[in-house]
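Think of it as A, B, C, D and E in the order they're written, each chain with its own count starting at 1.
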């Protein structure tokens, strides 16, 4: 569970709540019409834009924000490759190398290609292809959240326009005008708030997670091709460490 | 028929309808002047920007939103290639390979190049060229919808400006002012609504469909060049599976 | 003459004219001050931004919108190459090949390189260089129109600001306020209208024309290098057809 | 001296001057507070964003707008290369080739590399590296002007906000309200005007000049490598002419 | 300590302070509610968007703005490489080369690879990989500041919307309306001010620093591979000088 995400949510909504309540207008947080318009509109436009095949994966992806996947540390992976390289030098490349691999399907697939004796080009091509397809699929999901973040404030504006028309119809009654106007503004409030606290942050965090995972996958590809060339353990480590920041490099050895 | 698109349309317009009718201002949905200005302006600007050769294809493309083309599943294509590879191993590369190919013109063309005995480079170059030209053509169409989506709110704004001028001419008559202003806002409403429920979603979905089709075409190219190199069926499958997500990979075998 | 461009212009200005005249405010279409500010500003900023060398080509380029150049059909070019390939097979590569080439300077230059006996790399490099320089030059022109489209609404806004200041100076006289305000809005109207009916559509259409011409040039390069390699006519055709959409492919043979 | 830039400046400021004076509000052009806020803000933000090393070069670069460097014509350079190629064919590659080169440091450096007998790859790599570093350095300067163009209207808006607050403090005195509001708007006027008449045009023109200079440098690299390969003068000319538009090509020979 | 950054901060805040105090509304600079909303919102949204692993590095990175790292001058590095090349020519490549290297971990790593006798491809690949990973890591940090700069004005707008609602609730009391409105505008003021004086300049300067550091690293890679090929000192210098501007080139020798 990502506690900082929770902290961010609490801090952000808390700030809004505090300001609203200190102004005595907490009520604008709850308006059925505004919610129907903004969220109905966003969901509707999203359903038209994207195929169901992608949309049905949104809830699962959104939950990654709260429960991010556990990635191996970069240093752990380098460790594994160094050990595998030592073993391979001693015993040759055999099925037993798989015993040292963490239970990651991409990692296992990479080492399997090595064990099956494919040549370096095939391994590199196949695995880089996996990475680029993986990135493309994830980018599609994060694009959907970005689209939702673009639709929401516009439906908020649409609601405000509708509210303004309503206000203009009752110009003769200034008292009710204020109330109508307040409601009108609520939709824009909903649109902006949901974009900046839900849609864009989710899209952003998914991109960061994808970036992270793709770096790990790149490490695995680089390590596997290094093994395939039969490089010695210390060279394998050197090659992989070029992906790390200086601070990480020094963290061991 | 894409039911989710229908659901999206119903949900979106329903939300707007509900909010308008609960405010008693359903009338703003129907305004001849606003429609003339926004849609006349958008169509006019589009006719100037794009050649007729492209514009005449818009209705057909827009209808793909409701009736998307049936694509083969990725796994089906891998299946086909595995079978073709087995057959080619047994009987050699001959005309009879075409019997197993689904009736897709690109697929048939790829296998024909193989049967005609062209070398790998020619096949790869020709087919990748087809894909990049195909993507460029589709991007042009989806760009037109994006342009329409950019023009519409601006013509809406133009209408609102005109309305404001009208209002300012009758400052002495506050009663009619509200009505004129309401009409003025209708054009912005039309502009925003059409952009967010028609133009941008259509452009977005066309891009997604193109992306999907281009992935399938890439699978076909990769499979054909793999056949051309005479790789064994299990390697063909391995090579193609690198395009799939893990969930799809496990779906068979 | 591009009739659809005319239709677009008529439709767009007609829509604006209709809406203005039905509101009885056709007068705002004509305002000297607004025209001086918006068009003076746009032309001034453009003269500062771009060198005269490029600006003097704008009128010629803008007229391409109404009188687009006649491009050869893709199929015609493939036809020509097939014929040339047949002739070259029969009679060898000689000066007489030029007889079958349409009077296009790029096409003639490409075939001349072939006849002069340059090797494939030199031909490919030189011609692709021509294409990329050609694209860069055209992109510069279309960028100027895009800049004008970006400047116009801002000078419109500047005019509106000036108008608002004028209005605020005469707050005591509400009658004249409406009139001044109406004039103030005219500049924004000019800015938006000229951007969306002149500058952006012209920039867009120039891009589309460039795209079209560059595809034709690419066809010519591909055909010429195919001839240089001595490929047989049916292969030349196959290679070139990979640039076409399926519908064009079937249009002959 | 670039007369068209002067014409642009005169035309643009003239248009604004005319409109302001015909409205009797020339006074808003001069407001100390607005100038302090907008230009103080822009300069401050720029000093924070960019290192002094780059900022101190801004005045020199800005003056290029009025006094653009004299570039050789493309055709002159081709001429030079053709002559050098003839001389090199007759007398071999020797120090004397430098006599025909115009006094441009990049040109001299390129020919020196040739005379020093470096191989083609070294020459190409070194010179292309010079071009890409040169482009990157110039892009940095033009980015600074773009940033200033982005900051200016926002500081204008900040000033307007401050003005609005001031106005709201004196709601009881409508007479002074108009004046304060007019001042408030002046800052936005300053922000927009300086962006569209100074910052963006300067950034734009610097990009165009860089583009022009980099094309000339590319011509020089291409010509030098052509000489290095020992190509005959007419081929050198052909190779270089592929960079020119058709109109330039025909201008000689 | 970067004095120009301090000057920028003083100039910018001084300009705002001067304008506010000359308008007698310095008070709007201090408003607890506005600060809670804008900064609470920005920090909250940032915590949701980015992982803690990146966020905890922000303060350190932001301080680089005031205390930028001391980079070697480009000419110093070329100097070092020329000396090392001379030494290597005389004594061969040995551990003693490290004595002349400045204490930069990347520089030492590069020369160590050379001394360890790795081949040119390995050195180039590993070091370029370091550079691209280094750039990617730095771009992530500068992206966070850009995101904060995008969130801040929107939370400012949110505050203004809330303020407007509050105002509309008290339409009957015009006196308090001005005060509420003034507060409402403060949040937008905070949002714009923090974006343009903190978030965007920090993001911009981090990018410039990264660019600078990456150029130095490129120089080091180029120099190391040049040494590995055994090029003579004057060629090493020539190769590296192609990265410099003409003015820097002439600064020595």
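Keep in mind that, in the parts below, a contact is a pair of C-beta atoms (placed from the backbone, for glycine too) under 8 Å apart; a residue touches a chain by one contact, two chains touch by 3 or more.
Everything numeric in this text was worked out from a predicted model, so none of it was measured.
Shared contact partners of subunit B and subunit C: not a single chain qualifies. Path length between subunit B and subunit E in the chain contact graph, taken as the least number of steps between touching chains: 2.
Homomeric contact subunit D/subunit E is classed as different-residue, with under half of its interface positions used by both copies. Subunit C and subunit D have CA centres that are 24 Å apart. Inter-chain spacing, taken between the CA centroids of subunit B and subunit D, is 39 Å. Multi-chain contact residues of subunit E, defined as those touching 2 or more other chains: none present. A ring topology is adopted by the chain contact network, closed into one cycle in which each chain touches exactly two others. If you walk the ring beginning with subunit A and heading to subunit B next, you pass the chains as A, B, C, D, E. Across the complex, subunit D is touched by residues 2, 4-5, 7-16, 18-20, 22-25, 28, 65, 68, 174-175, 177-179, 181-182, 185-186, 188-189, 192-193, 195-197, 200-202, 204-205, 208, 211-212, 215, 235, 238-239, 242-246 of subunit E.
Interface of subunit D with subunit E (complex): residues 33, 36-37, 40-41, 43-52, 54-55, 105, 113, 118, 122, 126-127, 129-130, 133-134, 136-137, 140, 147, 151, 154-155, 157-159, 161-166, 168-169, 171-172.
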